[in-house]
């Protein structure tokens, strides 16, 4: 744990002025740029190839999700959350459903909890796979993308078999699950676990000890644990900086208490450590899935929830460990069928703020690597 | 902790609990000090979120909330205050660097200004946009038609 | 007719290159042949790269246009030629227009001295290798001007990167080349040569490919060159000037259609050119494998059958895949096409069995086979490696390759001197 | 004049020599004029490259392929790339507004005319019935050019220029170190 008392606003060292420093080049990267993962626009101030400063311009994908929520019932808003972090839709749904359940003071039955954990962890893997593929592509390795997409496909097939959708799954309902698992769900998941384990070694074989990969990622986009906490960075990015903090352990939700898994951490807080942390999280997710699928209890899948959801007046903040970091829902109820206010605390939005700190003094090529390693999804940044 | 704060600040603080979650309603005038104290003395080193809620019928229209988390204590707390429309709040960027964008978003969506913020401008909506969409008096279909006409060249403004 | 055949025969049997014989007609024929061959090679390379890369990446690659996408490059070429040719309004039109031609000219001109066989070169220059390095270094001018003329930030940065990169790696490349030239001087007159044909003949005379010469010095020199040549052609993992994720497409971002395809053509022919240098200098050029061990005439016969066998194998593969084609009416054209392709390949293979053809084509085959090996390496690199960052690239060039190259040069000179002195003392020439 | 007689046996007679000479010379002159008349520095640089390449071709015509190769690799391929590099780093827009150096054309014309006159005078002068320029050409065989240059420079018996060559190398080394010292703030 870092020493919180020594924390002060970030002291950022300005990089040396170098050759021809009179010619500061301002480059606009995005919103249409292959490496900004969507419609992120970054205005870079460059000195040669060195980044002197940058500013993110976001909001190109702003849809007013929070405003929509105020005009929909609790049930109707459920599918909307899938559209924020669309590569980890299941996690979004889990956070929302649990928040509303808390507000209603009900709890999903154990069987539903187990299925939720399995699907959420599968989704975490899918999200990390997408991240790995695109991140490696940004750094110039094109092959991992195809490997990860091949394996992500298997996860999406399970989703599709379970709820009919591949990406925006809308898998959970307030109070539990709508659908019982299909026949052979456990077998599919077990097959997938056995299938994907050697594949993760395959990804690592291509990258982990690759000299160029090491040179491109080691020491790039460094952020200390202290700075990461001050900037509110969460998820694998925070853990790679050496802060052993995972909401699944710290403030357990769903039934993560019942599972035995480790929190992988890094030491240097650089891009390589973030890569290693996520690779380790693949394996931890597999562990959780294996334990969960072996112990799915029989029983109901839906708690007793009224047909019309009308939570009592009050407010709640509930957060989960999404693949990208802390995903929180702050819900204010006025006792009606529609939420009075829903605030989503998006991990990508807050993590993206660290981009400037991580990029200053680095080279343009590193900006690409750092955007990749932050694992942002613009749908969630802009909501 | 709560008792200590209560002892120091008296009636300005009202600690509450709902569904097992602690929060305290703090008087506007105490906000800068309380946040500082929470950060430095009570080790709430991580500002999770800043947000606001609009109650148009109240005299003090806005609830502003700070959701804080302490790594050493493994505890979350919400600090809540009420302000009127047009009233400003002190920026907490010097306390938690993360609040930079969060405060900008609150400004963008509610029009609440934060004094001392390094770069107080809209973040999600375009710079010239009129209105603050998360206020209750801003309709869900409402848009800044003028902005759309000028910048996107769409005649109807929709 | 007979006289014409005799004329052709006399030239085919001559031991001079067309340039060496001073015959403009034959030189023109050779130029056209090399140009056509190169274009075909680039087209084939385009298809192969997409297919091989696809198979490395668990996908199929082009499958629609022709059987197994064989006609895809042609379709691409047609598309590129028909595309609108855009010159940005703010661009410097003249320079923008000239730049791709500079690149293509430089890339093609070097093939004047590439020796596909002892007589199969357009000409044999006394300064062959110097000419190749010099002219191929001119292509950077085209790249720089292309980037500048686009009047846009990304192309400009791409151009600056590529000029810095190419100038840097030329130095290391030159040092590795010089160490080979030192090796060529190990003969009874103690004079080396810069001529491409002369270098291969020196390897023949010394009965050793230079990659094995003074082990491990030849190998190190080859290693330096093999790294530098990838950087020199802007290919992965040194493809920074056109780094897609950073600079969109680098110096040719603003180019489209025909002009863009010229850059493409130049890139691939430059790859073939530097591979030819590597093959000539270290891998014995047109010499068949084991020139020193398996020297008996039966071995000559065996090795001379290789080209024919290769083509027959390719034909057999085509027929095998024809048999595997789905028996569906929709696949009829594709099946016939693949079978036809197989027949063509088989016929070429059979023609290559004729002794008259066999003996003359053997050199070209071995040279091309070695170059093809390098081409495969290029694709393999692209499938495996991430991209270097610019400063790291410079570090590799200046702090690793350059000192190694200098040390190599000194060591080669030293070992070579020792060998020569030894030979003098013995009174006999022993390479 | 019998140029064919001066060429060592074994090499081929030259092809259309006067035509190529005048062509290349014209390219050089036009290129040279363009270097000083173009406003845009990049255009000037490209004209200079053309001149240098034409010059390399002239060397080839003089049966000096090695010199031609060195000309291409050093001047056109190396130095001009660095020129362009620098031109692109400094902003052209600003440079265009600045005062051009080619405004002093009267002085230039006088200097050029003087030089031209000198050339013509030398070419036409004869001493003791012989022109200052040799009539024939003293050439080395093309196929041995590189080796002969090497022999001139380094051979223990035939070489005369070893010392001068090494001094020139030393001079270049000093220039390199000087450049490094000037460019680097800390050493």
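Letters are used for the chains, namely A, B, C and D, taken in the order the chains are written, and counting of residues starts over at 1 for each.
Everything below uses one rule, namely that contacts are C-beta pairs under 8 Å (C-beta built on N, C-alpha and C of every residue); 3 or more make two chains touch, one makes a residue touch a chain.
The shown structure was predicted, so the numbers you read here are calculated from the model rather than taken from an experiment.
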**OP:** Consider the two chain pairs A-B and A-C; indicate the one with the greater count of contacting C-beta pairs.
**Re:** A-B
Subject >> Farthest chain (mean CA position) relative to chain C >> reply: B
Original post:
If you average the CA atoms of chain A and of chain C, how far apart do the two points sit, in angstrom?
Top reply: 46
Subject >> Separation of mean Cα positions, chain B and chain A [Å, integer] >> reply: 24
**OP:** Report, in whole Å, the distance between the mean C-alpha point of chain A and the mean C-alpha point of chain D.
**Re:** 63
Subject >> Between chain D and chain C, distance of the C-alpha-averaged centres to the nearest whole Å >> reply: 31
**OP:** Note the residues in chain B that touch 2 or more other chains, in rising order.
**Re:** none
**OP:** Quick one: which residues in chain D touch 2 or more of the other chains?
**Re:** 89
**OP:** Going through chain A residue by residue, note those that touch at least 2 other chains and give them in order.
**Re:** none
**OP:** In the complex, go through chain C and note every residue touching chain A.
**Re:** 53, 56-59, 153, 157, 236-237, 239-240, 243-246, 248, 382-392
**OP:** Spell out the part of chain A that touches chain B in their complex, as residue ranges.
**Re:** 1-2, 4-5, 7, 9-10, 58-59, 62, 64, 66-68, 70-71, 102-103, 105, 227, 229-233, 243, 245, 250-251, 314-317, 319, 326, 328, 330, 332, 340-341, 343, 345, 349-350, 353, 382-383
Subject >> Of chain C, residues touching chain D in the complex >> reply: 22, 24, 92, 94-95, 98, 125-127, 130-131, 133-135, 137-138, 140-141, 144-145, 147-149, 156, 159-160, 163-164, 166-167, 170, 191, 193-194
**OP:** Using the touch rule from the top, collect the residues of chain D that touch chain C in their complex.
**Re:** 12, 15, 40, 42-43, 46, 49, 65-66, 68-70, 72-73, 76-78, 80-82, 84-85, 88-89, 142-147
Original post:
If you look only at chain A, which of its residues touch chain C in the complex?
Top reply: 25, 27, 33-35, 49, 136-143, 145-147, 150, 206-207, 210, 212-213, 215-216, 363-366, 368
